[in-house]
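Structures given as structure tokens follow.
You will see subunit A twice below: alongside subunit B first, and alongside subunit C after that.
Moving on to the complex of A and B:
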């Protein structure tokens, strides 16, 4: 029964991804397909970083490095060997995805080893440094195109592989958490010394978290390289690492559901902002005064909410209503402030396209989230069918809480 | 042996002292920024990722201050007015940076103090991104004349210090070649004047004379070049010297503040043991504010001097690389340790210029991280730091 269920779910996953691919290719324009692919890749990246950051508690902020390793090495393989290879078409892409995973896993092993001696912010800075080293090495390697970038010869667009990779990544992480193999990961996150005392092989756990996490990032990199057909070191800047980190943090460190949903949300948000049109048809612009007013209003609202949260007075309902009131007040204050600030000429004159605000919004999201809900939107909760059943009024559902 | 020989053969040893001095001067700036990182880490155990952005803002303040003063090298003619303008720029940078640092601490870090350290670190990354990208919306990118070109009054003046004079033999050879060359040149000129021939249309005798003149010129030129490249000398730009002296003064001030004043003692107490210091009646909040003021002001001074005297195109990402390198310098010296930051900064500067000197200039940004990783693997506490084992 167990194996039948497993087999069926695998078949279902592949078929589902393929169906989405067919529907998307049939009904969406290339821009819409691109959005799906990027969202899928970001889901893979966020969920795999979540394995390292959220589940194992090893704070890594250089995830783009593994993405880059996978992209560049498989891109190079394709350029050099595709013409002579007996594998053609999608099988080659699958091989490249696997190769990207293997290369990045090796890189993950290299980064994972220092993590045995470093923790907390020291590890963070080493992962960041590793990312920069990789970027600089690629930038100065003529065979990989240097800073001009690498043209990846056969281009493939396969939405279903991207989605399948994301599904596999989610499945691996989910199964890891649900089984005994995952408990050491959680225990290392909670308390390294205690888990060492309980007989957990901390070394193995940390290194395997890095290897698995980076392998998925590398596989995603391979797909990106073959989809875009052109990659430069700029594609994998430090910002990309920070964006992936924002996704994990927003979703809730440790929550696979949260990371995946946050990845989809944050990868669509900039595109949505860019797509906004003003009444005249041009891209929507905001005045500088508006931006500053919004930032100030956010700051005030957050400060107030934080005060009330810390005091913890009143019933939850009442507090919820207060928060709502503050939010409405904040929006009103934003308009009032923006009118006031418009009196300052240079601020009123500065016109900013909504698309440019992307990273500012990410930054504000990070800060506000850390101030108000450091555990992220979903905290450590996961999506489960039990929850859905309970939502629809089913009583006495057997709850299977795991120690997450 | 062969490989080592090859490695050494490619190096230009006479320029090494110059590179070392350049490295020290670069390192002085890194040390100034690193001090901010290390002091904040000392009291709060927080990597202040936004420190590099404070540094960036300092450069912008210096730029705006210089425009406000109508400052350009031609306008400020007397040394006194030049010095005054530079001091105003320095003061403006330091003040604004201190204010920004305090604001960041008050509104982003203080509410986070009871949360986990990782949460604070993410907040710091958020503040850093906000200043970079939010600043990019309002601040000009690379204002038309590069700030250094526009305002550096000392861009032309430099000092030459001869460390090792060129070998006497070479000097003698050049001295000997010179009269010969001058004599022949005179003779050739006289010949031209006498015969009235054109320089480019000579009789065989004239051609022969011209050939001899040219040979003598070549001999003299070679000898002269041998003299020039034979010795070892340092060329120091006035701006670099000002940077170094100011850095020394600021570091001396900092040492005084930290070691001799009541505030400094309280700061050391907080960095030693946060809770006990609070119990002993130290006003922890005001000490943290004080720390941010000191650190940010130093960053402001560093960026003002760097932007004014050395100059790189100014963008809102101006602080990213120096910030990261200075952080690496702080970790290298042992984070939380003030002399360590200075040592680390100087080492980082020297290492970077040595990489450039050895011909690997594309990798100059990578060396910081390579050093960092190696040091952390073998001495996780840094060079001067203590190897504390983190307790449960």
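Moving on to the complex of A and C:
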């Protein structure tokens, strides 16, 4: 019975991913498809980093390195062996995804070892250094294309495999947390000394987290290499690591749901802002006065909300309504301010394309979220059907199941 | 029969000799007290026994086996569990989850079976949760099983530390100041609980405590440390009247 159910859910997952693939290729242009692929890869990266960073508490900021190991080694394998291989088409890509996972897992083992002796910011520096070492090694290796990059052939565009990898990654992390095996990972994050006293093999837990987390990053790297067809060391710069880390922190450290949703949101937001168009069809422009007014209004609204939050006055409903009021007030204030500021000639004259402001908006979004909700959007919470039921008014839903 | 034996155990931190050739033997079924003024080396003694520190010299034997320098997690598996003076719960985890971590060292399924969510791992998780729940009932914590452990009252946190240590099913239970910060009523309750742990669960107990009345009424044998050295050993009646002990606690006459 169990295995039948399991088989059905696997078939369902594959079919679901394939259906999305068909719909996307049928209805979206190549840019839209690219967004889906990148979002899928980032979900895998963020959820796998969340295992290392959020669940096990090992502060790693070199996740792009594992991504790169997977991409380059499988890219090299494809260029060298694909023509002679008996595996052709998708089976080859699947083999490459597995190979990328294995290569990156080995790299993860290497990085996991220092984590046994280092903690916190010291470990962060080591992982950061590891990321740079990998990038510079590749940059100076002629066989891997050096700084010109590597042409990966054959190219595969398979949205469904990207989505399937993300689903598998989420499922594996969720399974871990659903069983007792996940508790030692969490306990190592909470207190290493106490974990040791409870008989937890801290060494094994940390290294396992690094191996599993980096394996998924490597698998994602393999898919990226074969989708893009061209990778350079610049594809895996340090800021890629930081964006993945931002996704984990923004979503709520330790929350799989949070990491996954933050990954989708943060990979989509800059692209959405880039594509903003004015009513007439040209690029959307705003005046300098408008930008400054918006920033001032945001700062003021955030400061007000933060003060009310800290004071914790009134019932939650009333506070919610107050926030809404502040938000509306902020938007009104922004228009008034912007009209006032337009009196200053240079500010009114300066025209800025909205697309160019995307990194500013990106940064402001992060600052606002970190000020108002430092524990991340989802904090340590996970999505559950019980929560949905309660949202729709069901009462007496048991919050957690206990086998007693 | 001797369960734990410290033989000339010594540890130096640079120039400071924190524990200086301390020897004592705990028999199976003992309720053993370790007392001494602040900084006497009591907690360091615990850290030596549980493998947090490796002794500079001397030997520690547990259940006929030399455990000097064995890693802390291995020692826990051999059957020594402890609580901490400055409570060290897994704060973000629930009360139940804290206790399951303690019971986890008896797991038989592999990590792979958990990642695949196989029936064996699910079943084991249920079993461990069930065991943990039974233990929580014994320590009167079953009502708060799903509460975040950081949100518990101080006395409850101390009890949870004991529950978590007991979940490893140890032969020897080390309690580091279990009554610290408790009110007289809670202390009375704890007294009964520790006796129950020994009598009904067959665990040998070694405890550090500052509250003299608590120690004297509970422990059958006591070792007194001062400045890392052992100054007295014996039943409470002898310790109470030992001039060296009185001097260590009250200061010597000028």
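Here is the rule we go by: the second predicted complex is superposed on the first by the 346 of 404 C-alpha atoms of A that agree within 3 Å, B and C clash if a C-alpha of one lies under 4 Å from a C-alpha of the other, contacts with A are read in each partner's own complex, and residues count from 1 in each chain.
Basically, contacts are C-beta pairs under 8 Å (C-beta built on N, C-alpha and C of every residue); 3 or more make two chains touch, one makes a residue touch a chain.
Fair warning: this is a prediction, and the values are worked out from it, not measured in the lab.
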| item | value |
| --- | --- |
| Subunit B versus subunit C as contact partner of A:184, first or second or both or neither | second |
| Partner chain in contact with A:142 - subunit B first, subunit C second, else both or neither | neither |
| Partner chain in contact with A:133 - subunit B first, subunit C second, else both or neither | first |
| More subunit A residues in contact - subunit B or subunit C | B |
| Which of subunit B and subunit C A:362 touches, first, second, both or neither | first |
| Partner chain in contact with A:194 - subunit B first, subunit C second, else both or neither | both |
| Subunit B versus subunit C as contact partner of A:4, first or second or both or neither | neither |
| Subunit B and subunit C contact sites that coincide on subunit A, given as residue numbers | 191, 193-194 |
| Subunit A-touching residues of subunit B, taken from the complex the two chains share | 47, 107-108, 111-112, 115-123, 125-130, 132-134, 136-138, 320, 324, 327-328, 331, 362-363, 365-366, 368-370, 372-373, 376-377, 380, 390, 392 |
| Subunit A - residues contacting subunit B, complex | 59, 61, 114, 117-122, 124-126, 128-130, 132-133, 136-137, 139-140, 191, 193-194, 238-239, 242, 245, 249, 288, 291, 295, 299, 303, 306, 350, 352, 356-360, 362-367, 370-371, 374 |
| Residues on subunit A engaged by subunit C in the complex (per definition of touch) | 2, 171-172, 175-176, 178-184, 186-187, 189-191, 193-202, 208, 212, 254, 380, 399-400, 402-404 |
| Complex contact set, residues of subunit C against subunit A | 50-52, 71-73, 76-77, 81-82, 84, 88-94, 96-97, 100-102, 104-105, 107, 109, 111, 114-117, 119, 121-122, 124-130, 133, 142, 145-146, 164-165, 167-168 |
